[in-house]
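Chain nomenclature is as follows: A, B, C and D, assigned in order of appearance, with residue numbering initiated at 1 for each chain independently.
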């Protein structure tokens, strides 16, 4: 997906009316994009550390480091990516799924099915 | 581990005598560090693509892309890291474990235990 | 855990008052233990199929079936267990987490943290 | 696969001549089916314990045990299956891959590719 086409948190958390939604989000104290943004710095810091690990892997391969030691570093990077995914998912359940629960019915079912599919992809990767 | 301390493929593949080993490796047609180096470019290309994916994740978080779409990209990156690990492991089994098999006994047991521990770390990450 | 000590769905879904809760659940049309029970037969059928797979593995080992073929069957059984976990998790998000969302605050945070920890254990197994 | 059609360890470890192979295996001190058989009891004990865990899961579902507690038990069973897979794989590398290494060339390549594919299936399950 190109990021210009990408749906944003605000589109999803607030549904049809993008003009009134941000204000509502502010009143809800952390639901929707603002809750997400509050954690943005932590997420970006985490991803920059993972980027550093991937560059470390390139150095290791370049310097003919012993295969098993490279694999140990790959496991550490994969674990760091999974941790990042879990923190994203926790936020998503707390904000988006909870917001859908207030609407109930089909909206909740759709959000829960979507979250479950995302967890399934994480499990199979 | 710092890479200056890191063991190299050559240390491992050839055991006690680092002077005669490289020549032997050449004769074996791909065992040891030379087999590893032949694939180096492919490995580095793969890792640079993964580095690009991690930077893509940073852009997605920065632009408040919808959580589930970020998670899909995390799954793709994890899968790419696992594929890289599998290609390293396949090389390792073909060269290092096979070389140990020729020596047999304790040397083979040690290499197999080491490879199994690495696979276990991949499974749990 | 012994199952006699185990918490039940009804304890969790309805909080402090175990006497009024079951009736309430009936009125909610699928939340809490009744939603869970509706799927019980499907769950039990799935688990009996997995039990059959594990007995199949015993036969394979007993008959000295080739190692790689046994591993293929282990992967199938692991995948079946993960699918079962995902269907349980989906139900849990739809009923328990959604119920907690209606109460909001600390209750929601606790349920989301608990679900995330469970997902983390699945990812690491 | 039906187990009557299944390849056995003996077929694989000894190639074309099933009559002379077992004797050779005895001389190799643990390679081939005899090494495998020595661990058979440990494998079967392990699988019976996993079968007990799966029956425990059925009881938990039947008694409406809280979802998250069921998921914890699923994670334990998945981990036990993965451990079983790793012990099978370690034996396989020690015996079959090492035996192929002695023959070298295409035989080794085929065995390594086959083992890597099995590891890949475990990672994706």
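By definition in this document, a residue touches a chain if its C-beta (ideal position, glycine included) is under 8 Å from a C-beta of that chain, and two chains touch if they have at least 3 such contacts.
Please read all numbers here as calculations on a predicted model, not as lab measurements.
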Give a one-word verdict, same or different, on whether chain B and chain D use largely identical residue numbers at their interface, taking over half shared as same.
same
Farthest chain from chain A, comparing Cα centres?
D
Measuring from the mean C-alpha position of chain A to the mean C-alpha position of chain B, what distance in angstrom results?
27
Distance between the CA centroids of chain A and chain D (whole Å) is 36
Hey, how far is the Cα centre of chain B from the one of chain D, in Å?
24
Multi-chain contacts only, two chains or more: what residues does chain B have there?
82, 89, 115, 122, 124-125
Give every residue of chain A touching chain C within the complex, in rising order.
82, 86, 89-90, 93-94, 97-99, 101-102, 104, 108-109, 112-113, 115-116, 119-120, 122-124
Give the list of chain B residues in touch with chain A in this complex.
1, 3, 6-12, 33, 36-37, 40, 43-44, 47-48, 50-51, 54-72, 74-79, 81-82, 84-85, 88-89, 91-92, 96, 114-115, 118, 121-122, 124-125
